[in-house]
Amino acid sequence: MTQTVEDAPPELTPRQRYARRQRRRSIVVAAASTLVVATLLVAVVVRAPGWEEVKASFFDGDRFRESFAEIAPAFKLNVRVFLIAEACILVFALLLAVARSSRAPALFPVRVLATVYVDLFRGVPVLLVLFLLGFGVPALRLEGVTNDPVFWATVALILSYSAYVSEVYRAGIDSVHESQRSAARAVGLTSTQSLRFVVLPQAVRRVIPPLLNDFIALQKETALVGVLGPIEAARRAQIYSSRTFNFTSYVAAALIFLAITIPLTRLTDWLLARQRRRTMAGGPA
Amino acid sequence: MTALTVEGVTKAFGTKTVLAGIDLRVADHEVVCLIGASGSGKSTLLRCIDLLEPIDEGQILLGDEDISAPGVDEDVVRRRLGIVFQGFNLFPHLSVLQNVTLGPRKALRVPRADAEARAHDLLARFGLGDKAGEHPDKLSGGQQQRVAIVRSLAMKPEVLLLDEITSALDPELIGEVLDVIRELRSAGMTMVLATHEMGFAREIADQVHFLDQGRIIESAPPAELFSTPKQERTRQFLQRILDARRL
Amino acid sequence: MNGRRLICILTTVLLAGGALAACGDDDDDATTDTSGASGDGCASGNTVSDGVLTIATDSPAFPPWFVDDDPTNGEGFESAVAYAVAGELGFGAEQVEWTIVPFNNAFAPGEKDFDFDINQVSISEEREQAIDFSDGYYDVNQAIVGFADSAAAGATSVADLQDLRLGAQVGTTSLDFITDVIEPSTEPFVYNDNSAAKAALDAGQVDGIVLDLPTAFFVSAVEIEGTAVIGQFPSTGDSPEQFGLVFEEGNPLRDCVNEALTALRDSGELEAIEQEWLSDVVDAPVIDIG
């Protein structure tokens, strides 16, 4: 007899019903228009003169399967390099940024060194650094210094990218309002403690999207390792292509790279959207 | 017995003189209010006392110690003073509890359990017991300011400096913050408050100083200063306040 | 009105300028002898620029194929062959122009800016799909260069090389040789060009690099101290590996050049050139590929 409110589903008001109808309609329209545009695009492309040649040259199914089977194992090298490099870059770049942001007079030479480093490695093409380190250093035949090209390629990437990433960190540090630092010092924390417990945690959180952006860029740059000899994914695609004069292998390699970078790109977007709120609090309502 | 002494302090930012010679004394357990228009130097004075800004001339003594002398370890001094800002300045990436325990744990090396216990006590005392796990963005302005006060208290300061702590709050939230100050006063906390809340100043201050253009124009117990100001400028200032119905 | 007049003048000026440009030949006016300028009948009209034979090679251009990185001096085996062929086609030395094309680009499919490319390009069926080759002008063996005191030294058969780290330039028959014939247990290192491969050898990152025999000799004799030609490999298959001149697919000039090569072979001039530039580079132990 007495029906509790939870038993019956809530009745929608006419306004809510209308809103729901509108939402459904807009979804249908979006889907339909996407379908139409996609169909048109495909129709136009397939009818274009030269499509058959393009398809045979870039999108050949058999060549794709064949080259993919060769390229996928080679991609493991790229993955190894970017995982190791990224870990080192995140740490080294933070050290550089902290060095450049330091205010103590005693640390002046450190500040200058860090600035010189960043200027240098942002200005020199990564390729040159690769050659200098990858061929130049091993040629010196120094005791105890490895000549492994993968090692030196990774080092070259770390040295170059840290310069860029340190600027990202620095922007993050600068973006933390001075009042946070004041509050930290006021509570009795030393300069270092303020940096470590108050400024840096906020700074780093703020720059996660641009950091991820640089990480994504790094993943593509691992192809440069091939310049020093080791066969990574892009080189493997090139070898296949030069044997067969078909470019499908390049498309296959590109897809493998995208399979990693695209999910990361979406993750970056999601993080950006999520993180806004927290950084606004702590100040006046 | 004198908790805080300020003697002949001047401070300029570039060519602009903000403090033109300040002398004041605060005795133990005394509550002193600084009033004056914006730009009169109240905030700067408090920041100078807390060594957040260097002074140009003069001396600041905390108890017997000259804290403005060159070579003083500022970090140690700041642990003896507490300061609460107009904008609260809570650490947004930490919970309320973490905000309060950060200072004691890292600067005073208090073990975590002890720091947290004291934090919980303080928070509960000021009606924030259930907010310990929240982040500042979930709190109202009044709650955030109370947390900011608790954060300073966690360091067991000898003197508490409060820089217009209600100016950024909606009117209905001011009361809860003033209640905290009242309680601290009864507990004997030595405090220096810069404030626009004249009624409150009248209520709790032992001494009121009126600042104008970097100088203390008049100092007197509140009953005297508010009813019978001796200086013309004090009178004008108070008249303006009255006209705006702030008293 | 003024606007219209201005346009008229501009158009006239432009057209006149265009006509003048079309008339004048931008090249040297010193030799405008039209009789042999565009080559004898076969080559005339079949070159990229009229009256000029455009030959391509890579840079740097290494000995013994070229000398001093200057194809125009006629020194070096390929430079000499190129000028000999040009002469047979009716082009004097002043009518030969050189252009730089990276090794792998020469035989990539597509339109070419040169009449032919001469750059130690081995004739292969795969490459024939993309471009046209002339007949071979040199029989070539692959060879391996390494440090005389390295793990590679003294190798007498392919089995001795299988555990080594080898290197070669991408897209070359040398790389194919490593992959298909030597079949090393570790993947070879692959480089954009021979300069990088040599740098790697010098840095001790590879035990040996595979190159054609004459280049191998040059590297060991002149370029990298302490290296030697560890050995040469006999040709696999029925016919020897040969270098050929590279033409854009379907270029009728190819047939003219084949006639020229036949003439040079018959007259003994091709052999004389080989003797002059490559005679001292054939002594290297033969590595068994059985």
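For clarity, chains are labelled A, B and C in written order, and residue numbers in each chain start from 1.
Heads up, the rule we're going with is that contacts are C-beta pairs under 8 Å (C-beta built on N, C-alpha and C of every residue); 3 or more make two chains touch, one makes a residue touch a chain.
Computed from a prediction, not measured in an experiment: that's the story for all the values here.
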{"item": "Farthest chain (mean CA position) relative to chain A", "value": "B"}
{"item": "Central chain (by mean CA position)", "value": "A"}
{"item": "Whole-Å gap separating chain A and chain B, where each centre is the average of the chain's CA atoms", "value": "46"}
{"item": "Chain centre separation in whole Å, for chain C relative to chain A (CA means)", "value": "41"}
{"item": "Mean-CA-position distance for chain C and chain B (Å)", "value": "84"}
{"item": "Touching residues on chain A, where the partner in the complex is chain B", "value": "179-180, 182-190, 193, 197-198, 201-202, 205, 277-285"}
{"item": "Chain C residues touching chain A - in the complex, by the definition given at the top", "value": "104, 108-109, 126-127, 129-130, 167, 170-171, 175-176, 187-192, 196, 199-200, 202-206"}
{"item": "Touching residues on chain A, where the partner in the complex is chain C", "value": "131, 134-135, 138-139, 141, 147-149, 226-231, 235, 238-239, 242-245"}
{"item": "Touching residues on chain B, where the partner in the complex is chain A", "value": "50, 52, 74-75, 78-79, 81-83, 85-93, 102-103, 106-108, 135-138, 140-141, 144, 151-152, 155, 168-170"}
